[in-house]
Amino acid sequence: MTTIGFIGLGNMGGPMTTNLLKAGYEIKAFDIVPELLEKSVAEGATACNSAAEAAVDVDVLISMLPASLHVEGLYLGDDGILGNIDPKTLVVDCSTIAPGSARKVSEAADEKGISMLDAPVSGGVGGAVAGTLTFIVGGAALALERARPLLEIMGKNIFHAGNTGAGQVAKICNNMLLSVLMTGTAESLQLGVDNGLDPAVLSEIMKKSSGGNWALETYNPYPGVMSGVPSANEYEGGFLVDLMIKDLGLAMESALDTGASTPMGSLARNLYISHGKDGYGRKDFSSIQRVFTRVTAKK
Amino acid sequence: MTTIGFIGLGNMGGPMTTNLLKAGYEIKAFDIVPELLEKSVAEGATACNSAAEAAVDVDVLISMLPASLHVEGLYLGDDGILGNIDPKTLVVDCSTIAPGSARKVSEAADEKGISMLDAPVSGGVGGAVAGTLTFIVGGAALALERARPLLEIMGKNIFHAGNTGAGQVAKICNNMLLSVLMTGTAESLQLGVDNGLDPAVLSEIMKKSSGGNWALETYNPYPGVMSGVPSANEYEGGFLVDLMIKDLGLAMESALDTGASTPMGSLARNLYISHGKDGYGRKDFSSIQRVFTRVTAKK
Amino acid sequence: MTTIGFIGLGNMGGPMTTNLLKAGYEIKAFDIVPELLEKSVAEGATACNSAAEAAVDVDVLISMLPASLHVEGLYLGDDGILGNIDPKTLVVDCSTIAPGSARKVSEAADEKGISMLDAPVSGGVGGAVAGTLTFIVGGAALALERARPLLEIMGKNIFHAGNTGAGQVAKICNNMLLSVLMTGTAESLQLGVDNGLDPAVLSEIMKKSSGGNWALETYNPYPGVMSGVPSANEYEGGFLVDLMIKDLGLAMESALDTGASTPMGSLARNLYISHGKDGYGRKDFSSIQRVFTRVTAKK
Amino acid sequence: MTTIGFIGLGNMGGPMTTNLLKAGYEIKAFDIVPELLEKSVAEGATACNSAAEAAVDVDVLISMLPASLHVEGLYLGDDGILGNIDPKTLVVDCSTIAPGSARKVSEAADEKGISMLDAPVSGGVGGAVAGTLTFIVGGAALALERARPLLEIMGKNIFHAGNTGAGQVAKICNNMLLSVLMTGTAESLQLGVDNGLDPAVLSEIMKKSSGGNWALETYNPYPGVMSGVPSANEYEGGFLVDLMIKDLGLAMESALDTGASTPMGSLARNLYISHGKDGYGRKDFSSIQRVFTRVTAKK
C-alpha cells in the first residue's frame, strides 16, 4: 500500500488528508500548528515532528501551503527537504503559487532525480471536504499517472496542462478569467436592473444566450436570483475576495514576466483590491456585485 | 391566414421574410433599396411603394432597421406611419435600438391603441437564414403570444424580458457581457500561451472550470483551437466589430441615462473602438484576440 | 448702459448677478425659486414674473441652468423664449450642457436672427463669488467681443474655443482630463506611500518632474500635504463628485456621438460613480484618494 | 581630486561620463561592449578590463545598467564586486530598477560598511548629453551630500526622496503618473478634435485650466501643435514606448508587492503594451496619440 507524506493540514490540506485516510492510505503528517496535526492524528495519521520527517520513507509526498514563499522555503535552500527525499518518492505540490516558483522547485527536484508535479486545485474548502476538487497539473505525463489514483480520491476532475509550471499557469489564467466573468456579470445585471429589468429574468436570458458563463450558471452574484450560493447569504463563505486578489496577483506577475497585456484582468484586480480595502476581504468574491449596486449613503 | 407587412429587407430582414414566405405567409414588403424589394418579390412577396402602404391591411407589421434614428423616423412625426396603422394590427420592431427610443415609439403606438413589441434578435445573418434567431422581447405578454407563431418560424429561442423596452435592455446587457467574455477570454488565452501553454489545452481546462463561458465553448478566438468559427478563417464573417461597437454604444447610453457604473463594459468598448480604428471594423469581433497576440512590426 | 436679463439665480448665477450689479449694470432677473429671486432683488435687480419677461427689453440675456433639459426647455418649443427675444439681444448661455444641445439651441436662435454664445464656466462657487471664473466660449468672435465686458466682470480668463458648441466641447474635454489627472495623482501618491515614501516629498518631486499637473500643483488630494484645499478639510466643499460625474457623463455622450475611444476617461467615470454610490457624492472630487487609501474594515 | 569608477557606458552612461571628464574628473571606465569603452577612452577615461577593476581605488563608483538583473548580477553573489569595494568608496547606482532590488543591493553594501545611493534619472539621452538630468535619490542624506557635486555636473535637479530604495519608488510613481497624463491628454485632445475643435486651441485652453499638465505644457502628443517635440517628427526620438513599458512594469511590481490598487496606471500599461505590439516600441511614448487618432484601414 502507498504511504503518503502530507505537509500542510489547514483548511484545504486537512480535509484532503481526511479523504485519503478514509480510503485506507497510511499518512505521515506534519503541520507547524499543533492543533491541526492533532486533528489529523485523531483521524488516523501518524504525527511527524518536522517536514523533513514527513518526507522520508513515503511513496508520495504531498504539500499544500499558502504561497510561493512557503513552498520555496520548504523545499529549497540549505534546510530544504529536497535533500532528504528519496528519488523514488513522487512529490506533488498542491499549493497555488507563482509558475516561476513552481518551475524553480521542480528543477531543483529534477537535479536530484526526483519527479515533481505542480497540481494546484480549485473547488475551495467545500470541494476539499467532498473530495470533488479540480486538479490542474503540470509535469511529466508518467508522473501524473502515478499520482492519479490519489488525486481521484481527493478530486473529481484532473487536467494535464503541460510541463512543469503549466498547472500553475492554467489555474492562474482560469482564475483571472473568472474574475472578469464575475465582474462583468455583476455590472451587466446591475445595468439591467437600473433599466427596469428583473435580475432573475435577465439572468435566465443571458445564461441561454451569448452572455452565458460559469458565474451566471452556477454562482449568480445578484441577491435573490439563486439559492445556495454566497449571494443568498450576505456573501458569506465561498471563495474569498482576499484569495481572488492573491490569484490575480500571481496572474499579474506572470503577465509582467512575459510582457503580456491583460487590460480586463488588471482592471478586475484593481476593482477587487479597492473592494477589499472597503472591508470585503473576507467575503465571497461574488460580493463585487455590491460595488455596482450600493446606494446607501456612507461618508 | 395572417398577412404580414415587412419593412426593411436587408441582411437580416431579407432572410427573415424568406422564411415567412416559405411557411406560407402572405407578405406586403417594402425597402428603400429597389434591388432588395425585387428579391423579396421574386420569392413571393407583394411589393409596396412605401412603408405606409406596407403598414395597412396587415395583421402583423414587422420592421427591421439599422438604428434608433430610422425606427423613430419610420413610426413617429407628421409623416410617421403610426397614423396609418389599424389598431388591430400588431407591430413588432426587430431592430436593435436604444431602449429609450423603443419606449418612445411604443408609447406613441399605445396612445393610438396599437399594440407594439420590441423584439431585437441575436444570431446574426446565419441565424436569420437558418430560422434559428433568438428573439428577446419587451412588451405585453398577450401581444407576445400573438406574435409567437411568426417568431417561431424565424427563430428558435424566444425570451420575454419584461415590459416595453425590456427586450432592448436585455439584448444590450447580454452583448455588453459578451464583449467582456470575449475580451477576457482572448487575453487569458494569450497569457497562457505567453507562459508556454497550448491554447487548445488551456481552452479545454477553462471550459470545464470556473472560466467556462460562451466564447470558450462555441466561439474560441484563438486561431487553430476550433474549426468552423471566424478565428479559423482569418476572422471573416460572424459578428462584426462595427456591430459590437454599435451595441456597446447603446449599452453606454443606457448606463449614462441611469448613472450605472460599467467599468468592464466601458473598457471593452474602448478596446473595440481602437481595434476598429486599427482596420478591423469589418472583421468578426473575436479578432480582438489580435490585440493581445500581435507581434509583427508595423510603424 | 447695458441692460441684462439673467435667468437662473442659484449657487452660480446668484453671485454672478451680484458682481454685475456691483459693477452698475441693470438686471432683469428671474428664477423659479422665489427666495433666490428675492435675494437678487434685495441686491438691486428688478424682479420678473417669468423667464419670458426677463428676456425682453434687454441688451444681453444670460442663462445659468443645471442641465441640457432645462436649457432646451427654456429656449425651444412652443413655449420657448426664443420667440420673444429681440434679434438685437445677445444671448449667452453659461450652463454646462451637451454640445449637441448647445448647437441645437444656437441654431434655433440663428434661424430667428439672434446671436448666441455657449459660455460654460469653471472655477466653482468660489470663482463665481470672487469674479474669477473661467469662461470657455463657443460662437462667433464678434459676439464674444460684445459679451466680453460682462464676462470680464464675472471672470478672469476668457477663452474662445471655436464655433457654436465649442465652448461646451472644450470644457468637457478639460474636465475629463482633470478627472484622469486627479485619479492618476491619487493612485500614484498612494503607491508611493505604500512603498514607504512621504506623500509631501513625493508630491514635491513629481510636481517638478514629468508627473507635474494641476492637481499636484494646486489641489493635492492626499490629506496633510497642502493646506487650504478640500483634502485638508475632510474633502468638504470644492468641486463635488456628483458634478464631476455629470461632466464625465457629458464627455461620454460626446464620445458616443463621434465614436471616440476614451479608455482613461471612461475608467475615471466608472471609478467616480462607484465612489459616489459609496456615499461620496457631496464631497470634493479629490476624495477619490480614499478609494486607494482606505483601510478601515467595513462590511 | 575625486576619482570615479563608472560601469555602463551606453546611451545614458556614455554622455554622463563625457560630462564628468569635461569637468576634469579622472574616470576608470568599464563596459562589456569594447566599442563603448574605446569611445570613453578616446575622451580621456582610463580603460578597465573588468567591472571589479573599475571598482577599486576610486572615491565614487557609479553604475548605469539596464535592469534589476544586471545590477544584482554586478554587485551581489560570489562574483559580485561588493567584495572588492573599499568601504571609503561611495557607490551610486543610477540604473532604474525595482525598489526591492535596490534595497537588496544597498543592504548588502551596508553589511560591508559601504554607503550606497539609488539615484535613477529622468531626462533621457538628451538630458544626459546636456547635463540636465534629474536625479531622484534614495539613501542617507550625508551620502547624497558627498555625491552632490558629481550629480550637479551630470544633472540639473536633484531630489532626495527618502531612505534606500526611495529614489526608485519616486521615479516609478512619477513615470506611472506620466503615462496616465500622456494617455489622458491624448484621448482628451482626440475627443475635442472629433467634436470639431482645433487641437492647438484646445491645448491652449486646457493648459491654462485644470487640465494643465507636463504633457500639454512641454510635450504635446498631437502632431502640429508644438514644434521640437517627437509629435512634430513622426514620434522619432524621445522616451521610447519600450522604456515606458519597462518602467510601468516596475510600477506594477511595486503595486503587487504592497497590494496597491492602480487602475489608471494598469490601464495605461496595458494600452502601451498593445501599442508596442502594434509596432511602436521604438517610437516616442507620446505616439500613444495614434491609438486614438488612427483611421487608416489596415486589416
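All chains are identified by letter, namely A, B, C and D, in their written order; residue positions are counted from 1 within each chain.
Heads up, the rule we're going with is that contacts are C-beta pairs under 8 Å (C-beta built on N, C-alpha and C of every residue); 3 or more make two chains touch, one makes a residue touch a chain.
The model shown is predicted, which means the values in this text are computed figures rather than measured ones.
Most remote from chain D, judged by the distance between CA-atom centroids, is B.
Annotation: 50 Å between the Cα-based centres of chain A and chain C. Mean C-alpha positions place chain A and chain D at a centre distance of 39 Å.
Multi-chain contact residues of chain D (touching two or more other chains) are listed as 259-263, 267, 271, 274, 277, 291-292. Chain contacts in this assembly form a complete graph, since each chain touches every other chain. In the complex of the two chains, the chain A residues touching chain B come out as 99, 122, 134, 136, 157, 159-163, 165-166, 169-170, 172-178, 180-181, 183-185, 187-192, 194-198, 201-202, 204-206, 208-215, 217, 219, 251, 254-255, 257-265, 267-268, 271, 291-292. For chain C in complex with chain B, the residues that touch the partner chain are 245, 249, 252-253, 256, 259-263, 266-267, 269-271, 273-274, 277.
Against chain B, the residues of chain D that register as touching in their complex are 267, 274, 277-280, 283, 291-299.
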